[in-house]
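Next come the structures, one after another.
Same chain, two partners: subunit A is paired with subunit B first, then with subunit C.
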Partner chain A sequence: MASLIGFYSLVLGVIISFIITFFSVKNFKEPIVFDKKIIHFSFLQFFLVLISFLGLIVSFVNSDFSNETVFNNSHTTKPLFYKITGTWGNHEGSLLLWLLVLTLFAVLFIIKSNKQPTRYRILTLLFQQLIILGFFIFVLKTSSPFNYIYPVPNEGLGLNPILQDPALAIHPPILYLGYVGSSIIFSSTLAAVVLNYISKEWASHIKDWVIISWIFLTLGILLGSIWAYYELGWGGFWFWDPVENVSLMPWLALTTLIHCILVLEKRLLLTSWVVILSISTFTLSMCGTFLVRSGILNSVHTFANDPERGLFILIFLFSLIFMSLFVFFFFYRENDKTDYSIFFLSKETSIIVNNWFMMYFLSVVLIGTTYPIFLEVISSEKISVGPPFYNKLIAPFLIPFLFFMAIGPKLKWVKSDLSDKIYLILFLIISLFLSIFIVQNFKIEFLLNTILITFAFYLFFITVRDFVSKKYKNLSQNLAHFGFSLFILSILFNNIFATEVITNLKVGDTFKTEKFNINFESLSQKNKQNYKSIVGKLIIENSKGSIEVMEPELRIYNQPNISTSEADIKTGFLNDKFMTINIVQNQEYFNVRYQIKPFMIWIWFSILLITSGGLISMLKKKYEN
Partner chain B sequence: MKIKLLPITVTFLFLIFFLVFFLGLKNPNIYKPNINEKKEIPFFTAKLFNSTTSINSNEIFVGKNFYLLNIWSSWCVPCRYEHEFLIKLNKEENLKIVGLNYKDNVKNAKNYLEELSNPYDISISDKSGLIAIEWGAYGVPETFLIHEKKILKKIIGPITSDLMKEIKELINL
Partner chain C sequence: MRIKKYFLIVFFIILTNFSFAEEKNLQNEITKNLRCLICQGQSVYDSDSEFANSIKSLVDQKLKEGNSEKEIYEYLKVRYGDWILYDPEFSKNTYFLWLLPLLLFLFGGAIILKLFNIRKN
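On to the complex of A and B.
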């Protein structure tokens, strides 16, 4: 019943899409006032998709296995929370969520843009409606979440256990808010280009959308990364997996866009940067959807390998790309009145320099992600591009990047000089000594690490000084850059100081190292609602005599029959202790992996700091108004 | 002329991207482990479907015939999809199809065969799922092509029309 309602609301939603388009086109020709009908129908469309989405949730909660999506992804013994979150833990449901957020944002855009010119508002909505319609057809034609199966099975196939996790339950919705937010930026940029409305007013109006999308995208990636850290059981937080990369690419584009929008708002410069970045952010998000959903890449997120779906997104994606190219080349005109001159020592210059660095990072990730596909098509050779590629290509370029991040905000708009800035050099020398002092005690590559740490410290000190001396004048930027320096430092220290022990132990065994002993004390079993839990108790005693009890867990799920390894993580201020156990086939031995990972919590915290920088810049604007 | 060149180049570049992605779609990148071909089949005893008589593997896979062991269940949705191909394969003279009914309710299974017709020459049941484990099956449906007690081919997931053609080629070599 709920499925039926859900399905028909979707079909109605498509019809509304055509109605909105009709009224918009009509209104666009006679743009005296903004037609109220467009608002009403947009609301109705959002409402219908909402009903459809709720219908799917109800089917999941009631374990209605006559629905194919529910059958494939749910099970009666699954806890209620995961029945609900299972709604978007699969291909069909997550697309419905996309659609829901798309229609929601269309409505929000109408509400938030009432001070903008009518023709611009309508055209933005038309572009947005095009995307919405594309997704409607995609959902209904290739991935309907409401397919009926007969006879009705008694039991479902269950949700992949590694997805049964609180962080992962909210990861998709938050990430989608970011992805879909970029669709509004995309539509409004195209509309502004067509109507030649790229202006300071436009920049300050769209800036909010850019920052909101950026905040959600950052948080979404953070959640995914935290999940990978404690659930995948490898103790890492970023694996340069294609799926992670496809979320990083729009993030890099969006971060660059934020900086460009600031310049545009102040000086009406970098308009082509803004236009191209707005278009690429959304197309990169769509490209991510394509790479992940088509099965062209293989990963945790590959819900189903259906070439038909892949083909649809591919054609849709490239239609959008070619449409944007058309709009850009035929309508885009540089504003002649602007003063193009940029003095070499100014904020603008440093932002442009950083833009190019960001574009470089983006290209590295893009090449690393798509190169295997190209190679396979051309020479049918299968390769995989791993972390060494990214580390080699990105790490050295972080050095000048960090430097410009530190110096850039010191410069003034238009023209500036560096007199009276002796402390800039002083800080560099302090950072260098500090870095040498740290690095020389470790057997690591000296030169690169020293310089990297030096510049990370440099940015760190300069931003700290700004907190004090600038009296929070540019708090958001200051906070974000400070967060970034902390982020890089934490990652570096996390790599350099990490300790790892991998060994096979059975109950009663003790493993000895110079610094600590690991004693496998006992093993206990429990039956939970939909899995069997095996918990090991291991005692770690270090040379100073302090004792830590670690209880890593193995879960053997009943439906589908998969075992997952739940790490026991003791999070501390300075380091995380991380332990996983795994069954060694046909033996009483367990594979025990124990890691001490310094500054783990600081990595997460620094990302939150960076995000709060964005949040503050938005709130500040509201407050000033 | 200079202005015209840029749009054309960019468009061309994206067209290449499109083409590569399009071609990439055709060979989905699913990693399949190499299965040791020509592996001996495991020995097992099973109850005949819908009866209490037991039969062992030596009694099932006899002679020079080709055999297809198909693991199925009435609750398995992809099994319905591959059913038509099983019926077509059943017409092959030198191929006998053995149905292994996996973790199923006998009544449902009977209804299933009555509804879609029975493609199996021999039906055995595996209520506990242990025989499927012996065969190293990952799930249902799964199909093994057997000749002289050796596994020639293992199909994970439902039989498709391409796979059916492949089986026909293998048995008519």
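On to the complex of A and C.
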């Protein structure tokens, strides 16, 4: 029943899409007032998709296995919470969520844009409606979440256990708010180009949307990383996995956009660059969808492979790109009122330099992710591009990047001079000595690390000094840059000073190292709702005599029959202690992996700091208005 | 003065908590750069599958026999193909991969320089 309602409200949604288009075109020709009908129908469309989505949730909650999606991804013994989150833990449901967010943003745009010119509003909604319609057809034609199965199975196939996790339950919705948020940036940019409305007013109006998408995308990626850290059982949080990269690319583009839109807002410069970036942000999001949904990538995220879906997104993606190119080349006019002068030492220059590096990072990630695919098609040779590639190409460039991040914000608009040079030099020297002191290792492979730490400290000290002396011109910027220095420092220390032990132990064994002993004390078994749990108790006694009890867990799920390893993590202010156990096939031994990871929590915290920088810049603007 | 105080605090935290970088285990370093061929996007180091375990002991054995890191990669490449190496070699297949980002960086720099020149005139 719920599935049926869900299906029909989706179909109604498509019809509404045509109605909105009709009224928008009509209104666009006579734009005296903004037609209320467009508002009403947009709201109606959003509610229809919402009902459809709720219908799917109800089917999941009731374990209605006559619905194919529910059958494939749910099970009666699954806890209620994961029945609900299972709704978007699969291809069909997550696309419906995507559609929901698309229509939500259309409604939000109507509400928030009432001070903008009527024709610009209508045209933005038209472009947005085009994307919505594309996704409607995609959902209904290739990925309907409401397919009917007969005879009705008694039991479902269950949700992949590694997805049954609180962080991962909210990861997709948050991430999608970021991904799909960029659709409104795309639509409004195209509209502004067509109407020649790229102006300072437009920049400050669209900035909020950029920052909102950016905040959600950042949080979404953060949640995914935290999940990978404790769930995948190897203690890492970023593996340069193609699907991680796919979320990083729009993030890099958005971060670049946040910076260069300031130049547009203040100086009306770089207009065409802003347009290109806005378009590419959404295009990159779509590319990501294509790569993930088509099954081209070899990754932990791969959904069921279906060439038809991949083909549809590819065609849709190319139509959008083609349309944007068309709009850009036929309608884009450079503004003649612009004052072109850029002086070498100025905030504009520093932002251009930022954009330059960000684009380089983006190109590394883009090429690293897509190159193997092209190579395979052309020469049928398979290569892997993994962490070493990205580290080699990105790490050296972070050095000047960090330096410019420290100096750039000190410059003023138009023309500037560097004040208190003594401090700037003094801090650099102190940072250098500090990092040499910390690393204390002069082997060549540590040279890069030492220099990186030096410049990360440099940014750290300069931003801290600005906080302390209240010299910052822009709190949100200072906070975000401070967060970034902390982020780089934490990652570096986390890499350099990590300790790890991997060994095979059976109950009763003790493993000795110079600094600590690991004693495998006992194993216990428990039955839970939909899995069996085996918990090991291991005691770590370090040379100073302090004792830590670690209880890593193995879970054997009933449906699907998969075992997962749940790490036991003791999070501390200065380091995390991380332990997992795994069964060694056909033996009584367990594979025990114990890691001490310095500054782990600071990595998460620094990302939150960076995000709050964005949040503050939005709130501050509200106060000023 | 205030700054000095902060430095002291930072120094203190670092002093009390770091034991200096240990010699990294070469086997770990190598297996981190190898793809576990039967897993979904995991390295040999990170995986506990049978395949990964057999590669781990193979690497261990090769190291004991006195093979260098490079020789081990070469050996695995011949047996399993380039697909197993996470660090793609610089060869005719990967010129573009390694050089294109750097060329784009130079290209970007050139555009920026030109921007300044135009503005000057």
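We adopt the following convention: the second predicted complex is superposed on the first by the 616 of 625 C-alpha atoms of A that agree within 3 Å, B and C clash if a C-alpha of one lies under 4 Å from a C-alpha of the other, contacts with A are read in each partner's own complex, and residues count from 1 in each chain.
In the analysis below, a residue touches a chain if its C-beta (ideal position, glycine included) is under 8 Å from a C-beta of that chain, and two chains touch if they have at least 3 such contacts.
Keep in mind it's a predicted model, so treat the numbers as computed, not measured.
After superposition onto subunit A, partners subunit B and subunit C are found to sit side by side with no clash. In the overlay built on the shared chain, the residue A:527 is in contact with neither subunit B nor subunit C.
In the superposition on chain A, A:149 makes contact with subunit B only, not with subunit C.
Touch counts on subunit A: comparing subunit C and subunit B, the chain ahead is C.
For the combined arrangement built by superposing the two complexes, subunit A sits at the apex of an angle of 80 degrees to subunit B and subunit C, based on C-alpha centres and given in steps of 10. Once the two complexes are laid over each other on the shared chain, residue contacts for A:68 go to subunit B alone; subunit C is not touched. In the superposed model, A:546 makes contact with neither subunit B nor subunit C.
In the superposition on chain A, contact of A:377 is made with subunit B only, not with subunit C.
Superposed on chain A, the gap between subunit B and subunit C at their nearest CA atoms measures out to 6 angstrom in whole units. With the contact threshold set out at the top, residues 298, 382 of subunit A are in contact with subunit B in one structure and with subunit C in the other. Chain contact summary for the complex, subunit C toward subunit A: residues 2-3, 6-7, 10-11, 13-14, 17-22, 28, 32-33, 35, 40-43, 45-48, 50, 81-88, 93-94, 96-98, 100-102, 104-105, 108-109, 112, 115-116, 118-119.
Residue ranges on subunit A touching subunit B, taken from their complex, read 68, 71-72, 149, 151, 153-155, 290, 294-298, 305, 307, 310-311, 314, 318, 321-322, 325, 329, 373-374, 376-378, 380, 382, 560. Touching subunit C in their complex are the following residues of subunit A: 232-234, 236, 239, 241-242, 298-300, 302, 340-342, 344, 352-353, 356, 359-360, 363-364, 367-368, 371, 375, 379, 381-389, 392-393, 397, 430, 434, 437-441, 446, 464-465, 468, 496-497, 499-500, 502, 515, 574-575, 582, 584-585, 591, 598. Per the touch definition, subunit B reaches subunit A in the complex via residues 6-7, 10-11, 14, 17-18, 20-31, 75, 77, 108, 111, 139.
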